[in-house]
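The following pair of complexes shares a single chain, subunit A, combined with subunit B in the former and subunit C in the latter.
Our next item is the complex of A and B:
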C-alpha cells in the first residue's frame, strides 16, 4: 500500500503521484467524453443561457432549475468520489486494469448512448460489450496477474499517521481532479470562444468555474477521505488488532474475501462498498431529475420516452413482488399474472363507468372518481393479496414442481374467469374509459407522462422499502428458512402454513399495486394482457436478475423489459428506416429468406438471449450473497483456510427422515 | 438438578408415550412403544439400524402422525399438532443428518430458532416500532448467549455462513438453534455421529451441561455405546419397532434380549450386527 506521511497536500509525494494519475485520469476521461462527445456541456450551457434569458429557452424555468441542481449534485458526487477512490486504493493493482475497466464500463456506454440517441438501446448494446469484456478479461493473463498475497494483508489496521496520510491523499485527489477538469475545460472554452462558437457569458462562467472547481475539489475530496476512513480498521490498541487478526483467521476464506472487498485500503476500490454508495446516489439523482435533463441529452420526444420508462416501472414492481414468493420463500409461482389481472380489474371496474352501469347506479362524478384512485391503490392491492392467500391455501401441501403446476392453473383460470364474466367485465372487449388519478392541482389527463413517471418512482420506492424491511425481519428469516429446508424450519417453530400464505399474500399485494397503476395509466383493461407468457416473463425477470436479490431483480426487470418489449419489438420498425443500421441487416436477410420479419423470430432471439445469460451467469445478473454461495458451492469444498476443526467422514450417515 | 436416578418418580412424566404405533403402509415402523421421560433426565434410545428410533423422534415432533396410541406432554396430548405447535409446547430437536439453513449465517440460524419466542409480524417488519427494534436486539443478544454456551469460537464466527463451518461446529449450531426456542425437552438425534474421539468427548460434555446448567430434559438417539452408557440415566432399546428393554445402563447391558438383538457377540463388529438385524 502506498502510504506517505508527507504533509504537503498539493504537491504529492512520489508514491502518491501514481495513484493520483491513475484515478484522476480514470475519472477525467469519462467526464470529458461525456462533455465533448455527447452534450454534457450543452446541458450546463443551455441551463445557464436559459436562466439568463428565459424567453429564448424552449424549456420551462422549473426544468432549468432542476437540471442545474442535477449538474451541481453530479459534479459534487464525482469530486467526493475522486477523494474516496484515491484514499481507499491499496495501489496494488496497476493503472492499465483500472483504465480498461473504466473505458469499458463508462466510456463505451456514454459513446453508445450518444450514438444510438437512446438510453435503453445504448445500455443494452453496452451490456453485450460488457459480457464480451468479462469473458476476455478472464483469458488475458495481464488481468489475472495480481493475486493478493494473503487475504489478511488486506485487513490491516490503520494507525493514526496512516489515517492522516489517507486524508491527504483524498484532498489531493479531489483537488487534482477539479483542477485538471477545470483546466481542460477552459482551454476548450477559449478555443470555442476564439472561433466564435461560444457566448461571452458562457466564457465568464467558464472562468468562474475554473476558480471554483479546484477549491471545491479540495473540500469535497476531504469529504471523500472521511468516507474512506469510515471503512478502515481502526487501531484501538494492540489487543484489538490481535483479536481482529485472530477472528479473520477463524473465518473461512470466502467470508474474509467478502469482508476484504469493503475495507479500506482496497485492491478494487471501484467495487468497494463505499464507492457503491456513491453510484447509488448518482443513480437516484439521475432518476429523480431525469424528466428535466432528458430534453437536453436526447432532444425531442421526451414524453414518449418517459411513458416507456413508466411501463418499465410497473414491471419492476411486479418482479419485486414475485421475488418475495420465488426468491425469498422459494415457492415457484407460474401464475403470478392472475394477481396483476385482479389489480387491473379492481381499478378498471371502479375507475370507469363499468361498475355503476352494471349495478344500475347513478354514475359517480368523474372528479371524485379520479381521487378514488388513491384509496383504490391500497384496496386493489389488498384484494389481490386476499386472493393470493386464498389461492395459496390449497397449494400449501405441495412442493416444487407440483406447486408450480397448480399455480400455473390459477394463472390460467383467473383471466379466463374475467373473460367469461362478460356482463360485468365486457369480456373480450375489456373495459375502456378508465380514469386516470387526480392529484390536487395537477391535471393527469393531459398528454405529459411526468406525473405518472413520479408516481411509479414513488411506488417503486415504497415496494423496495417494503421488500427490504420484510427480508430483514422475523418473517423474512422464516421465508428464507423455508426455502432452505422446510422440515428444519417447521422443527424450529416456523408455522409453514402462515408463513407461506404471507409470502403469497405479500407477493400478490405488490402485483395488485402494479395492476391498479397499469389500468389507470393505460386508461383501459384488456383481457389479453394477462396470458401465461406474461407470468413467464415476470419469472424470467426475477431469475435473470438474481433470485432473492433486490437490486438484481430491479436490474433483471429492466433488462428483460428492454430486451423483449423494447428492443426486439422495435426491430421491425427500425428495419423500415433506411438510415438505421437494422435496415441493412433486414435487407440482407430478406435476400435469402423472403418474407422475413424480425417479428417472426422475436421470441426465438429472446429465448436465445435468456439461454446465453443463464449459461454464463446462472446466479443472475446481480446475485444475492446467499445465492452466489449456493451456486459456487464447489469453491467452498475441501479444507477451508481458517477452519480449525477437521471435517470427518461420517460413517453410517444415511438419511433416515422421509417426509410424508 | 439433584434428581435421584434410582427412585420411583413422583408427579407426571414430562413426556409420556402410550402404545405409540406407526404404520407405513403394511409395515409397522414403531409398534406399541411405551416410554416415560421424567423432568431432568437424560434418556437414550438405542437399537440397530431401522429399529425405528428416528421414527419415534419424528412422531414426537409431529413430522409424522401417530397411527394409534397417544403422546402426552405434561399430561396433554400433542398428537395431531403441527411441528411448529409442538415447538411452542416445548419440544425441539436436532437431526441425524444435520439440517441447518446452509446459506444463512450462524446468527441467523439461531434467530430462526427463536421464531416462536418473537412476536413481530408484518406490521412490525414494515414500520419497525420501538418494541420490534428492541425485540430484535434482545433476540440477537440471546442468540449470542446461546452460542457462547459452546465456547467463544462460534461467537466469533457468528457472521459466517453455516456452510463454511466444520462438521462438529454445525452440530453445535444446530443444538443452539434448538435451544433458542426455550424447550423443556430436547431431542438429539445422534449428536456425536461422524465425530472423532476428541469431538465426541466434547459433545458428551455439553450434553451433560445442557441438563445440569440449563435444566433441560434430554432424549437422545446414540449409536456409540460407550457414549450412551456413560451419559444416560436410563436407556430404552428398540428392535423392529418394538421396545425390548428399558432401564439403567447396567441393566440394559446385561439384558439378554438386548444382547441378542443388538450387541451381538463381542467379537463381531457393530456394523455387521446391524446388517444382520436389518436382514
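Our next item is the complex of A and C:
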C-alpha cells in the first residue's frame, strides 16, 4: 500500500485518482439506482413539497420529519463511508471485483425490490442471485489463478506524512462522491424541469443541494478518514488511540468476543470492522424510520406490511433464546415451543378475564389490566424461566440425543396440559380478549400496527444486548466450554449442573418475553398454536443462521420466517392474479397434481432448503468465527509441519508434535 | 376391577405395541449404526401405507373383498409392494441426505433428517390429500372369545406377523455374516472397515432392512386401524422412537421391549375415568385417560431415563476422554 506523500484532495495524484474512480463509482451507481430507478428521490421531494404544502402531500408532519431525518442520516453515512473506503483501501481487491460485488450486492436487490414491490420477496430473489454469485466467485480465481498478495510482507510503520496523505485521500473521496452525485442529480433535475415534470421549488432545492453535497462530502470525508486511521494498527505497537496498555486491553477484550479480527483491519475495506459500523448504522436508521418511509418507497399497504414484520419480530426473539440453549450451551432442545406456550398463557390468563373467572374474583379494570402488560413482560419471562429450569432438571445426566427426545417430549406434553386442563385454561377454545398494552396515550388497537412494530424493535434490541453480554460473560464462556467438551469443562471447574440449568432458564426467559408479546398482539391464545412443527422451525432458524452466532441467528430467523410464512403465501396470491406470470405456472402444475398450491408445498420447499444448506453450508449463513474455522479446517490452513518433516539431526527435530 | 376390560386392553395394547416395535426397530438400527435420529423413518412408514392403499385399490380388492387364496394373494402383494417401496426409499434417502453428512457435526444430519421428513409429508399430502384416507378393510375381522375376553382376529394377525418379523430379524443379525457385519459396524466403524467390511454397503443395508420393516408395519397398521393420513408418520414415529429410547437405543431387543411397553401403557391408560364426568365423582383425570396418553408415555420415558440414563436394556458406554 504505497501512499504517496503529496496527495491533495482537489487534484489528486495518479494512484489516488484510480482509487477515487474505483470507490466513487462503486458508491455512485447504487445511489443513482436507488434514487431514480426506485424513486428514492421521492423521499426527499415529498418532504420538500410537504413542508411547503402539507395538505397536498397526504402525510402527517411527523412522517415528514422522520423521513427528512432518515434522508439526512442516510446521505451523511454514505459520505463518511466514501471517505473511509478511499482512505482504507489497500489495493487488495481490484476495481472490477469491487464493482462486481457492489453490482450484485446492492444494485440487484434494489432493482428486484423495486420490481416485485415487496421488500421480502425482493431480498429473497436476490438471495438466490447472491448464492449463485458466491459459487461463481469462488471458482473464478481457480480459473485465472489470481493470488491476492499477502499483506503481512508489507506492513510498515505509518509516518506522519503517510497519515496526512490518508486524510487527504479520505477528503478527496468524500468530496468527489458528493460532487459527482450532485452533478448527476442536478442534470436529471434540469432535464425534468425542462420537460415540465418538476416543480420550481424542487429545482431551487436542487441547486442548494448541489452546493451542499460537495462541501458536506469534504467534511464528512474527513470523519471517514479519522475512522480509517483509528483502525490502523501500527507495527511497533504504538498507535493513535492512546497508550500501548489501553490498546492491548482493547485487543484482549475483542479476543474474548468470538470474532476473528483481521490481522490488518483495513485489509478488505468493504468487510472491515470500520465499514461494518457504517452498515450497522444504516440498517438501524432504516429499521427505525421504516414506518415513515415505507409509504414513499412501496405505496399502499403499509399497515399490512408492518403487521407482518411485527410477527417476524417475535421469531427473532425466539431464535435468539433458542440460540442460548442450542448454540451457546450445545444442549439440543427440540421442545422449545413449550416455553413459548407458557409465556403466551401467562399473559393470556392474566391479561384477560380468564384468571379472574377461574378464581371467582371480580374482573380487573381494563385500563389497569393494560398497564399490567409491562411488568408482565418480566414476570411472564421469569415464569417461563422457572419452568425452563424445572423441565431442564431431569435432562442433566442425559447424553445429546436422549436430551433431544426428552425435550421433545416436554414440547409435546405442555400443550396437552393446556388443552386438557380446560377449567383453568379454557382448552381448545383458547383464551380470547387478551388485552393489548397501554403506554401514555398511544393507540394500541389492531388498526395501526405501528406501536407493536416499535415495541418489538425495542424488545429485539434488549434481547440482542442481553445476548451479547451473556455471550461475553463468564457464564457465556462456561456455556461454550460445555458445548465443546463437557468433561474438560468440568475438569476446569465449570459447575455443570448450574451452568446447564442457567442455559435452560435463560433460553426460556426470552421465549417467555416473545410469548407475552405474541398473545398481546394476537389477542388470543389457544393450544393449537404450539406444536412440534414450531419447535422444528425454531431449531431450523438457529441452525440455518449459524449456531451460536447472534447476527447469524437473526438473519436465519428472518430467512426462515420469510420462506415459511411469507414467500409462498405471496406466490399463492400472485397465482390467483390472472395478469401475473405465476398464474400460468400454477395452472400448468395443477393439471398434473390436483390440489397443488404454493402454500401446500411449503414444507417441501422448506425441507429441500434445509437439506441443501446442511450439505453445502452446515455452519449456517453467518457462522461464528469459531465454527467457520472448525468446519472449513482443511480449506483454510495449509499442511501442518510435523516433527517428521525435520530430519533427525537438524535442530527443531521433535520439538513439538501437534495432535488434533 | 373389570378383568375382561383389562384383558381386552392388553390384547389391543400388544397389537399396537407390536406395530410400534416394528417401527422402533428401524429407528434403533439406524441409530446404532450411524448415531442418527432418523426423523424421516415415521414418514417412510406413512408412504408405505399409501402404497399399500394404491396396490389394494389397483387390484380391485377394495370394492369386492376377496376370500381365501385371493385374499392371501392380495395381502401378500400389498406387503411386497409396501416393503419394496419403503426399502428403496430408505436407501435413496440415506444416499442423498445422510451420506454426505457422515463426518459433519451431530446437528447437521439431524436437521437434514427433519428436512426429509417435511418433504415426505408434503409428498403424502400432494399424493393423497389432506384428509384421512380409508384403508380397505379386507381382512376378515371376526372376534372370538378367550374365556370372557373378546379377541379380534386382526389383532392376532398383527401380533403373529410382527413376531415373525422380529424373530427373523434377530436370526439375521445374530447368525448371518451380514448381520455380524452390521453389529461390527455399529460397534466400531473403523475397526470393521479394517476387517474388510464394506461400511457403506452395510449402512445402506441397515437402512434397507429398517425401512422394509416399517413397510411391513404399514400394511398391518392399515389393516388394523383402517385409515391413514399424511401426518401419522410424525406422531407414530415419535412414539416409536420413544419406545426405542426406552428400551435402550441401539439395542434390538430393547426396541421390541420398549415398543411392547409403550403399547401396553397407551392402551391401559385409557381405563382412567374422566373426572369431568359427574358419574366418577371427580376421580380420574380431566377428559379421561384417553387425552393423557402422550403425557403418560413421555412421563414414563423421563422417569426411566432419569434412573437408567441408557434405557431399560441399554449398556452404559462410559465416555472416554
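Please note the rule applied: the second predicted complex is superposed on the first by the 579 of 660 C-alpha atoms of A that agree within 3 Å, B and C clash if a C-alpha of one lies under 4 Å from a C-alpha of the other, contacts with A are read in each partner's own complex, and residues count from 1 in each chain.
One rule holds for everything that comes next: contacts are C-beta pairs under 8 Å (C-beta built on N, C-alpha and C of every residue); 3 or more make two chains touch, one makes a residue touch a chain.
Because the structure is predicted, anything quoted here is derived from the model rather than measured.
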item: Which of subunit B and subunit C A:606 touches, first, second, both or neither; value: second
item: First (subunit B), second (subunit C), both or neither touched by A:422; value: second
item: First (subunit B), second (subunit C), both or neither touched by A:488; value: both
item: Which superposed partner A:364 touches (first subunit B, second subunit C, both, neither); value: neither
item: Subunit B versus subunit C as contact partner of A:412, first or second or both or neither; value: second
item: Which of subunit B and subunit C A:569 touches, first, second, both or neither; value: neither
item: Touched partner set for A:65, first subunit B, second subunit C, both or neither; value: neither
item: Common interface residues of subunit A - those touching subunit B in one complex and subunit C in the other; value: 487-488, 630
item: Partner subunit A, residues of subunit B touching it in the complex; value: 49, 54-55, 58, 61-65, 82-84, 87-88, 92-93, 95-97, 99-104, 108, 111-113, 115-116, 118, 120-122, 124-126, 128, 136, 153, 156-157, 159-161, 163-169, 177-178, 180-181, 193-196, 199, 223, 271
item: Subunit C residues within the subunit A interface of the complex; value: 31, 35, 37, 96-97, 100-101, 104-112, 114-119, 121-123, 125-126, 129-130, 234, 238, 241-242, 245, 249, 285-287, 291-292, 294-295, 297-299, 301-302, 305-306, 309, 319, 321
item: In the complex with subunit C, residue positions of subunit A that touch it; value: 326, 332, 394, 397-402, 404-406, 408-410, 412-413, 416-417, 419-423, 487-488, 532, 536, 539-540, 543, 547, 593, 595-596, 600-604, 606-611, 614-615, 618, 630-631
item: Subunit B contact footprint on subunit A (complex, rising order); value: 246-247, 250-252, 254-255, 466, 469-470, 472-478, 480-481, 484-485, 487-497, 502, 506, 626-627, 629-630, 633, 636, 640, 643-657, 659-660
